[in-house]
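The next part holds the structures, each set out as structure tokens.
In the two complexes below, chain A is the common chain; its partner is chain B in one and chain C in the other.
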Partner chain A sequence: MLTDQAGKGVHQDTPGPGQSAQNPLRTGGNLLQLVSPEGERISHPEFDVWVKDIGDEQLCSLYEDMTVIRRIDAEATALQRQGELALWPPLLGQEASQIGSSRSLRDDDFVFPSYRESGVAYVRGAHLTEIARVWRGNASYGWDPQRINLATPQIIIGSQSLHATGYAMGVQLDGANTAVLAYFGDGATSEGDVNEAMVFAASYQAPVVFFCQNNHWAISEPVRIQSHVQLADRPTGFGIPSIRVDGNDVLAVMAATRVALDRARKGGGPTFIEAVTYRMGPHTTADDPTRYRDPIELEDWAAKDPILRLRKLLEAKGLLTDDVEARVKAKADAVAAELRSSCIDMQDPQPLDVFNHVYSTPNSWIERQKDHYSRYLNSFNQPVEEGAL
Partner chain B sequence: MSKLTFARAINAGLRKSLENDPKVVLMGEDIGALGGVFRVTDGLQKDFGKHRVIDSPLAESGIIGTAVGLAYRGYRPVCEIQFDGFIYPAFDQIVSQVAKMHYRTQGRVKMPITIRVPFGGGIGSPEHHSESPEAYFTHTSGLRVVAVSNPQDAYTMIQQAIASDDPVLYFEPKRRYHDKGDVDETIDLSTALPLDKAAVVSSGSDVTLVAYGPLVKTAKDAAMAAADEGISVEVIDLRSLAPVDYPVVEASVRKTGRLVITHEAGQSGGLGAEIAASITERCFNYLESAPVRITGFDVPYPYSKLEMHHLPDLDRILDGVDRALGRRNSLSGLEG
Partner chain C sequence: MTATMIKEFRLPDLGEGLTESEILSWKVAVGDTVTLNQVIAEVETAKAVVELPSPFAGTVAALHEQPGTVVEVGKPIVSFEVDDAGSSNGGGAPAVVDRSAVEASVKGAPTAGGTEAVGAPAKREPNLVGYGAVVEHSGRPTRRARGQVQDVKSVTPEAAAIAEPVVARQAEADVERPRSTPPVRKLARDLGLDLQLVPGTGPGGLITREDVQNFSGAVEAPAELAPVAAELGERETRTAIKGVRKFTAAAMVQSAFTAPHVTEFLTVDVTATMELLARLKGNRAFEGYKLTPLTIAAKAVLVALRNSPTLNSRWDESSQEIVQFNYVNLGIAAATPRGLTVPNIKDAHRMTLRELSTALTELTDTARAGKTSPAELSGGTISITNIGVFGIDAGTPILNPGEAAIVALGAVRKAPWVVNDELAVRQVMSLSLSFDHRLVDGEQGSRFLADLGAILSDPAMVMTMI
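Moving on to the complex of A and B:
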């Protein structure tokens, strides 16, 4: 730990040799599952307690959030096809991973997402216009990171895992009871930064959760190109315990995330979660998965659809009433309509905005170029003198 | 006023920043008990604790990437990259994250990160220990890049860099670490010469000689030698490499009409090229001759037995001064 006010060494809490191979959280190589694809509740002696507060109302609320973000995703994809967004990275299929994890966070926790975590942004309280703005090309950021404790989505693969670890080191220095969570995907586990993040997090026992959504595809590359072992087996070599969870089971994702966040808050150090899910859509709207993906694989995963699964559970519990269905549909419709209108009504940036905020204080190079470009733009407003051409 | 070595002056500046701002933390390889391979952080971990002077794992991208997270949390990390040639594993974090975060978030997230880099040659080291990578970073918008040339600036500018809300790459000329100089430790940072200003370090009227970092001393020596021949050389210590303080260079060139730029880094695409182009654009009509660059060659930094050929020295600089003045020089007859 970094907080060594007592003068103790920074590496004091690092597991010693022999300990690192142990993984108290692993479920014997099996997926942690609390709801089967058929919608049956599976009891688990260790993890049930972490979701025992999730009653009927909260199950319906999780269903609502998952349905709404799927609708956001569909609407955004449509907006891209209509030329209103430049690009969109779909999250279709990953609703349980994103909602289950983000609904486990406290407001004071800090999250470092990748570009695909639009569902997380929705749960953290980002406005729809803020979610759309980056993908319309109107800004490079959506929301104020400090307002909703959610960093600007990271496009460089895995880079944010180090930012999350550093932020968690700061939390330690502050002596705060805050956890930090980094989202990344299966492809990112090959990046040096993710591995360096695990080194730093383990070394300082930083309160960080590495939430890896293994959606099986890094653009066109299947996960087997990234790793010959389960991704959840990688962090154990760094002395970081891991949980391999069914990423299409929202209850299991919640349980796993809560365990990991709790460990972080109690000074237990980092945890790695592999949420096994599936990217049902393309990498982005610019991608064409028919070039590299077997349609049978997609069918297999469609049968494990996270929303379908939760619906079956709700049905079995008699919770999927007309009222609930109507309420969720109305909410999804309203959110989609708001996303569309806020996207289309968005104000375009002004030409000279290109120079803003490169630095926090005036910079002579930028000022000069801004001045010259301003003069250039103004030259179009000058009357052309006779014979000037 | 105290007499301090260059390394000690940086140490004193770091100490002052650690004392004045609890959000300042130092990170790097071997900076704790060892005090850094050049002893620049000597004694700081002992006095400020392992939580503020942090020995980091041997991963440069990890050092800078975690510094980004610390900055997100409100800290002011000061990262030491052990040697110039070891900075490249961190290049992505510096260029894609540190430099762009403020722009990306339209000012909502600041990156007050200082990255200290011992740079330049002349110490007889093996490969990767003598490089001058500054142009990679001056070409990256969002970064401020400075190179210090004397103990007083080292002391003052490290504190200004740490206080800056923008990220600063702070290049330290490692072959000057043991040079001593007067340092006023009571200097008021708010009235000191700002971080982005150049300084005329010796006045002259015939030729403007622009240098930074380790070559400022060499340039001043060259100016003295030229004076023996009746040539008056004005030496400018750039101090800031991004942005370059062009008004100071321009004012000098308008006076002298001749410009020589020297740096250890290779010539092509280097800072000298940028300065020659900018000064030509800004005061072409005042130039009496073409700008001259006296630089390292476009070769990988050579093995130490050859480094004296690669590094600009007093005589090569004087040869460049002669060229700018149209006097007989090593390239006489080739020009044009």
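Moving on to the complex of A and C:
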């Protein structure tokens, strides 16, 4: 049995007509795996070549990144419980999907994330304070999208897939060879936005990769109710080729993402990747999954933990030395401490900051509103200052 | 000696826009040394039960609230004594207050909101994340009385003496819905309690989880028994009500107090059925299939339903409709390591005896392994409980919530029986049928039970029913 056993939409070992393994637009079989849950390297005739450059050092580095983002997630969750963040959407369990895909990108590629891709933001080079400040409610955006080629996260489900497709069509008009990647979840594939984006991406053969992390739960809605076919069979209806990959297998995710990015760069058009993973935590810190989720399901997925799996592979290869362990732990500790201090020491925004960055150039109407609001605030006899933003 | 300082941890807004939470339990005690992010308490919001990690490394100086208390967001709940220099939080958000002020507030007035940082309600303070939240005084607009307050004195003196607090509460209840939180309301509903009768001890008369539990305990245990129970305290084992037990209890209470149950009994001679079973077991076509009285009885239920479809229906209160199922999802009560579950066999009406046998075997194996999925537990239309496996003859089974009927199969045992006016030793089984009297009249229930008995005493009777 492969990684998923959760229901119709995700689990069809006997594919229906025009679906799954028999679908001519699908590559990689029912579920692409290069490392088994037991940590054994599985060779694959088609996809091995895409990760042949990943040597011992890179494997350790992937392990470090996955461990660090899990630590970021744990620390941020604690900060929310301590009243230092308003909300946090945990990524626990999705480390391989986020690291495997984001580590396959070039700096000049452009990424459009949802709200859960904090691990991707870390890899793209967002500062920890930039990751934290939106969730603290101190700013309406985290980072400068142009600096790290990472758009601001979308809370609206799936809308970033349209932004990504539009950006990719722009890339085409520029004649550039950069690729564009949109992250979204299983629930987003049921939204109009994602389907519209796929129509345009296919029509224009735009260089965009739709990276769907199927974490099995759209808040409390299980994926098996949303889709009676595997999610990787949805894009093929639009004529978009797809790969269904074990999202807890970092090597397989890398291979699939590299194939898709390469296709985009070479004018081959869009690709849809379904990374089959699992949201081990709540939807956000305001959610209680025990109310709708069977604890047995969680146990089953804990056995397929992406970090545990990579650890087993490293151990088998004799790479998990005390040195490596100590280095990774020190890095994770340092990142957690920096996240905490940067969060707690963050300068609070001032009322008038809300007018900043509405326009990139001076705007008389905004200035007028700002003036009115400033006078209104003064009527309370409060000091009015502009803050950090 | 290193200088120390006192830092307070105020209850944050743990969801999005919550105004209060209930402290369920403390995981630390005063004097305990805690590390950063160590779990110090479990609290329940209107949305979830969550663990609170410590924002400081240090020593617990004071716990300001008791478990069971509903605390407003922004109120201090713990004070920590932390190393002055070693504080990793620097100018951190949780308020740093003068130690003497904290001690005063701990020792002094029970309202812990007496510290400078929390007081001064007149001044408007920012209340964003990370500022250290401000106490939100209930956050609800005060409701105005909708009607006349009932005259308490009009109640007879005796009644008033016995039930004084209840009557007083009811008078208030006419004015305003009792204040509580959704999880507590649910608990009361699950326990079958009317919240209007429960005295609230929380802020502003708020009814807490503890209030409901206390009230529930008071109702169940008469006062004179209390000392005895206390004496036996150490001889009891107390287990938290949760998981399958909690779910089962809620389902049973809901079913028992929603659907008016009627139970009928019929004892039948099932010798012919047992002979049929023996013949089938020797039949090649059934080789490898597990055949038991339950298999035949399940098939018999499916056949008997054809003449009495009302037993396979549902009362839909919300839409004021009776749902008649034209299919049968046959529930089978199963004792599992996790407790009672009632998984069902989908579209059992379409199955041949062999398919039914396979489905029953799979269902029980899955249930025993504890692997039954939520989908298999929902959508049942009628159920069978096989109490015979425990050597029991009959009972008054409670309906699986939402279903109109449940059949309990008793043990098959040899018994004296009148055959052709003479006593004979026959194999006999008792059938118990409970049905929802809203949906099923005595006539229909009786006919179904008689048909079921007829098939089991003479399987050839199936010929007359299909």
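What to note about this one:
Heads up, the rule we're going with is that the second predicted complex is superposed on the first by the 340 of 389 C-alpha atoms of A that agree within 3 Å, B and C clash if a C-alpha of one lies under 4 Å from a C-alpha of the other, contacts with A are read in each partner's own complex, and residues count from 1 in each chain.
Just so it is clear, a residue touches a chain if its C-beta (ideal position, glycine included) is under 8 Å from a C-beta of that chain, and two chains touch if they have at least 3 such contacts.
Nothing here was measured: the structure is a model prediction, and the numbers come from that model.
Counting the residues of chain A touched by each of chain B and chain C gives the higher count for B. In the superposition on chain A, no contact is made by A:Pro306 with either chain B or chain C. Once the two complexes are laid over each other on the shared chain, residue contacts for A:Pro241 go to neither chain B nor chain C. When the two complexes are overlaid on their common chain A, residue A:Glu196 makes contact with chain B while staying clear of chain C. By the document's definition of touching, neither partner reaches A:Pro89: not chain B, not chain C. Judged by the touch definition given at the top, the superposed model places A:Gly100 against neither chain B nor chain C. Of the two partner chains, chain B is the only one that A:Val171 touches; chain C does not reach it. Counting contacts as defined above, chain A residues 7 meet chain B in one complex and chain C in the other.
Those residues of chain B that touch chain A in the shared complex are 25, 49-51, 54-57, 59, 61-62, 65-75, 77, 89, 92-93, 96-97, 101-110, 141-142, 144, 164-166, 196, 242-246. On the side of chain A, the complex with chain B involves touching residues 2-5, 7, 9-10, 110, 112, 139-141, 144-146, 151-152, 156, 159, 161-171, 173-174, 180, 192-193, 196-197, 199-200, 203, 356-361, 363-366. The touching residues of chain A, counted against chain C in their complex, run 7, 74-75, 78, 80-87, 136-138, 282, 285-288, 290-291, 294, 296, 337, 340-341, 343-346, 348, 380.
Within the complex formed with chain A, the residues of chain C that make contact are 9-16, 37, 47-55, 88-94, 124, 126, 128-133, 370-371, 373-375.
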